[in-house]
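These are the structures, in structure tokens.
Two complexes, one shared chain (chain A), two partners (chain B, chain C).
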Partner chain A sequence: MTEPTTSSELRPVEDQSFATWVKVNLFSPWYNSVLTVVGAVMVILLLKVAIPFLLTAQWAAVTTNIQILLVGQYPSEELWRVGAGVLPMPFIVGAAWGVWGSMMRTFSVILIVASVLTVISSFFGDSMTPGFVLWFAVSPVLVLLGYTVGRRSFIGPRHVLIGWFLFLMLTLFLLRGFGEDSAMPYVSTSRWGGLLVTILIAQVGIAIVLPLGIVLALARQSNLWFFKAAALVYIEILRATPLLALLFLMLIVSPMFLPDITTPDRLMLAFIAIVMNNSAYMAENIRGGLQSVSKGQIEAAEALGMRGRHVTLFIILPQAIRATIPAIVGQFIILFKDTAVIALVGLLDLLGAAYAIILGQDAWRTADLEVFLFVAAVYWIFTYGMSSVSAGVEKRMRAGAD
Partner chain B sequence: MSAQSVENDVMIQTTDVEKWFGSLHVLQGISVTIKKGEVVVIFGPSGSGKSTFIRTLNRLEEHHRGEIVVDGTVLDNDVRNIETIRSEIGMVFQQFNLFPHKSVIDNVAMAPRLVRKMSKTEADELAMSMLELVKIPEQAYKFPGQLSGGQQQRVAIARALAMRPKIMMFDEPTSALDPEMIAEVLDVMIDLAKSGMTMIVVTHEMGFAREVADRLLMFDEGKIVEEGTPDKMFDNPQHDRTKEFLSRVL
Partner chain C sequence: MTKRLFLLLSALFVLIAIVGCSNNNDELQAEIDDLNTQLTQAKAAASSGSSSGPSQAELDSVKAELEKAKEDLANAGSSSSVAAGDDATQPSGWGSRLKLVKDRGKLICAATNDSPGFSFINETGEWTGYGIEMCKAYATAIFGDHENRFEMQAIGWADRPTVMQAGKIDVMVLANTQNARREATWGNFTTIHHYAGMGIMSRLDSGIIADDWMSLDGTSVCVTAGTNYVPAAEDLKGQYGIDFETVQLADTGPAYDEGRCDFTIGGKTDLGRNQIDLTDPDAHVVWNSLMGKDPWGMLVGHGDDQWYDLIRFVEWAMINAEELDVTMDNVDDMVANSENARILRMLGVEGEYGQEVLGLDIDFAYNVIKKIGNFDELVERFYSINDETRVGGFYRPRGNDALWNEGGLLFAPGLE
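Up next is the complex of A and B:
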């Protein structure tokens, strides 16, 4: 299909001097003049702040503290466990790229570029241990290796998902360790931190919130009054509660339920609050999708003799999820950003680590902007990766619908 | 022995079936007997209860009074009976209702796998042979959205046939099609009728009715106002409503 070519792009260009181009594009009609002037003023103001800042920025605040930003206060002598635990991730990201194609490419590119930049920056300072540098040097190779494996015809979405689940379990297990005098001594979650905790919590959260949201949405539509009522109460209460209020409530309430000797695991509490809050929203997103499946679909399945369970599982749910993917990914992005509440229970997730650097060390007190810009950029890169997945899925669905 | 064989000859028997939508009395006592191998065409004005009637036969709608017996099974609230009857009646809808998230072959193979517990290879083989029957095996790995309306409706027929039903019901199968696609669907239905399938077809394609119908039922306001062979109905209708309606569609 070709669009009719009525647009102004095709007008002859030979008589367009710079002055006429400016006049046509920036100053007519009159409201464009206003926008141009306002825009120019904003750019000038921004540059006035940005140029002196960039010339004097203390990026050393970031590079020197890269370890705390990446892994928080995880004991240095146990860092190999983090490296080993997270090592499968680039491989899985690459495999996802191989299996799902271009819509998963952004994450692979991000990982490769970030790794290469990290390795390069390690030449300009000695703040990174050789182990760190080695990890980032290996990661691009693993992405590409994962990609070639993912391209194989016998590797499908199911394998990637199973691999991802196993990876998450293995990593959590490695990070936690077992007894005191084993080869892998127990490391309290209060020492986990940095980007590590942010992306781990986000991934485990995503892995739990989607199925939980589906179950809640189905329960809410159920004919059994008990399930229906329970789901309704859960969803309505949690949607009406700010995440922070829920978190503080849990901090106060949880000691009442635990034996005196144990202190509540604050990371776990924050995680539960994030999952509860997001699953309520997820359930509502999915419910919208369930309602969008037409009655004719259900009748066709029933007329074929399919049982209710099969109709739900194989006809309604797949279509509902497909229709809801943009909202689902949107919820994943919210969940990812919600992990920042971990900082508020005193743990050093990415945001908490930033606070710790600025408030904890006199040398970096003036480098707050640099540190927070870095943190914001990291959040942005991940959410950008997720939006690009969503955009890719939508594009593919539009292609399929024609 | 002979009583038994007469019994077995009846595929569907309805006795005084009545149904209401709220206060609307949509079916006002429908009694029909359909024998094995018979092709029955139902026609009549829009809103006369044609769809509702055939949808009561496989419990997409519940009837409120009267009795429905399909191949010896009484249609009541017993889920097992409903399942038995549904697996014996194939249904084709005006809007096709194919599963858009499944490929054509998966659309056809799905119910045999889930309901008849066939293996994937078995069901896929069956699906391919059904697609050959409706003359579109080459579309097997496309998705419904990539097919024309006529092709989609033929997939819907293949999907229903894959359950090996004893009866096929069609609810205005060509009404949503562009005129140039109607023939390809009717051709498949004519082949099916000639193969001896018991069929109930709601349609206003009177050429089709004349060619393959054994019997026509004229519905009006929830009742059967007249029934008979195509020759009798088309050439010598008795009822004024039938005359008036046929003069508009013929």
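Up next is the complex of A and C:
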């Protein structure tokens, strides 16, 4: 590994004492001194509030309600299905880490650390169910197992993607169950909730939004006026409507137009609203990429005798998608965070569960800060993990690797 | 090539549009045609004077059927954008909701998940609370048991009017405040089960005398900004000709606790609960007098009197059971040994008081009391003073919710 010599290495060695460092970095021009003082005061004020809070925090509000926060109202006796259904996820993350390397490392490490911390914290209070502790104890092992599998040369990115998709289908199947009398009775989606729903909506949403966005972007570029107009109307209407308005329309207004005997699947309606909204944005992201592909590329392909759809599939799309990967991952992060909005229409996702605990359970009405901090931490773990993946992808692209 | 594809696709689109817009009125039309032929045949037979022809009564019945079919067709046409007209799916008029519930095999209740004691989700993810128990009681009355016979649907407070309008749910078990406009536009409020009200909590050291409105003059009040407590505070000034400073805050709790103001306005139920959280609860008093009425009732949709009565029958049975001291534990004994005719009639042992008209089992009250308990048992489960026996919820004195013959407002007609 040869790094180009930079000018900094040629500078004379400076006095490295602490006092000099402080003087240079914190107080050198006068305005930096002001900023340092203001910053220090703010940190002290924050600690003054944070330390007493942390000493008296009622974390039991989170630990006793960990079931609602993680799986919502899923029946207690069927929880093994959630555990089993979600287990492939750490494995897939590990496999992705093995295949893609450094790009997925941060995400995997964060997952391992979070799981280990959860297990450790369970020793300080006995309020967490052994099943959950067991799951968090097993998942880091699965990440590492997935990593060793992913390192094998015969496992490629394609296998990981197909595996992810198949496991996702399996998870949904396990969660949903079959008839009333079977070993795995049917569990209506109205009982799914918590982090489970947040993650499922995000994953299935990502699996649908990206292809849908590509199709919409291509339709908008199409020469056929019908497709062009349809895509234009779809994108412009959905981009101009707030997600919350769309959710209200789907969950509260749309049942009026359904026959009375049917009870609409509210989770599915919310999911459709999120997918519709995000696919419109995704289409615009990808259209940006499509336009960045130079006309010369298309002309060259045509000159080689490639047919229209082949030009699109093999020449334009790969370049367009590569150019928009940061925007695409950004949209995935937005989709993940958008799921929190469904709490406002009464669904019990991670945030909805937090509201249900603070407002509904009389014992924890003063523990709002603890519960919201937990929720914020969980969101941070996933969004930071995703943005670290995005940063990794950009780094690879810049290095020219593929 | 592309032009042909485009033409094909637009043709397909037009076809889908036509199929989508057209209704399945063809069936009804066929039925009408069929009846018309029957009618003409019958008429022909009658005019020919044949003795084997249909009687006048038969002719009339065919005519009536024809009229009904025509009406159905007209209804289906007018509501084509809403739903295909079919009696099974069109809840209008007497008995339609009960039929819908029985066809579905489940009662659907709507509730919010943020009301402690009333409707909330416990640690294991189960719906709990007074409202949920009432939903179980209704299901028990209809199906004989509530196991797998009811389903809760979570809604938000602001969704209430739209949810009622959509008519997807059977009963709304919420801490709904009854007032005239809601009664007219949302649906029918059933028996009032909690007489809450807007109340006042004041500091003992502020010079305010509890229940003396005039003593509020010259003091200050903390009210939550954006709530109906703000105009209520203004009303108070005009009503008693007094003046006080109004401090609007997003969260009144801490400000009131720190002594920013002398009194605070809130739901009386909440005030009692907030008092416990204050630094020195004994330095404050919640007034007995109320600033406004806040009667809570469950909600059912307009247009089906049978359903409205059925739901109220269940509530009346539970209140009457409290009045007659029939409890979960002694109900079997009452059925076997009681000599009180009112009790025996209520439990369906002897006599009848309209259960069958409403499509209820004769012993529905027995089932409800056996599985859910009487009104007092139910309230005690969530609002008892005893922390040990209470399941979630908080202590709420019965107060105005006491029975009519015990100085309260709770009243139910006799089951006779």
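Here is the rule we use: the second predicted complex is superposed on the first by the 371 of 402 C-alpha atoms of A that agree within 3 Å, B and C clash if a C-alpha of one lies under 4 Å from a C-alpha of the other, contacts with A are read in each partner's own complex, and residues count from 1 in each chain.
Everything below uses one rule, namely that contacts are C-beta pairs under 8 Å (C-beta built on N, C-alpha and C of every residue); 3 or more make two chains touch, one makes a residue touch a chain.
Everything numeric in this text was worked out from a predicted model, so none of it was measured.
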Fit or clash - chain C, chain B, common chain A: fit
Chain A: partner with more touched residues, chain B or chain C: C
Chain B versus chain C as contact partner of A:303, first or second or both or neither: first
Touching partner for A:322 - first (chain B), second (chain C), both, neither: first
Which of chain B and chain C A:101 touches, first, second, both or neither: neither
Touched partner set for A:157, first chain B, second chain C, both or neither: neither
Contacts of A:73 with chain B and chain C, given as first, second, both or neither: second
Vertex chain A, arms to chain B and chain C (CA centres, degrees, nearest 10): 130
Which superposed partner A:190 touches (first chain B, second chain C, both, neither): second
First, second, both or neither for A:314, with chain B first and chain C second: first
Partner chain(s) touched by A:255 [first = chain B, second = chain C, both, neither]: second
Chain B and chain C, minimum CA distance [Å, superposed model]: 10
Footprint overlap on chain A, comparing chain B with chain C: none
Touch list for chain C against partner chain A, complex: 2, 5-6, 9-10, 13, 81-84, 88-91, 100, 103-104, 108, 112-117, 119-127, 151, 153-156, 159, 162-163, 165-168, 273, 277, 392-394
Chain A residues within the chain B interface of the complex: 294, 296-297, 299-307, 310, 314-315, 318-319, 322, 400-402
In the complex, chain B residues that touch chain A: 58, 60, 83, 86-87, 89-91, 93, 95, 97-101, 110-111, 114-115, 143, 145-146, 156, 159-160, 163
Residues of chain A defined as touching chain C within the complex: 64-65, 67-68, 71-76, 188, 190-191, 193, 223-224, 226, 252-253, 255-261, 263-264, 266, 344-348, 352-353, 355-357, 359-363, 365-366
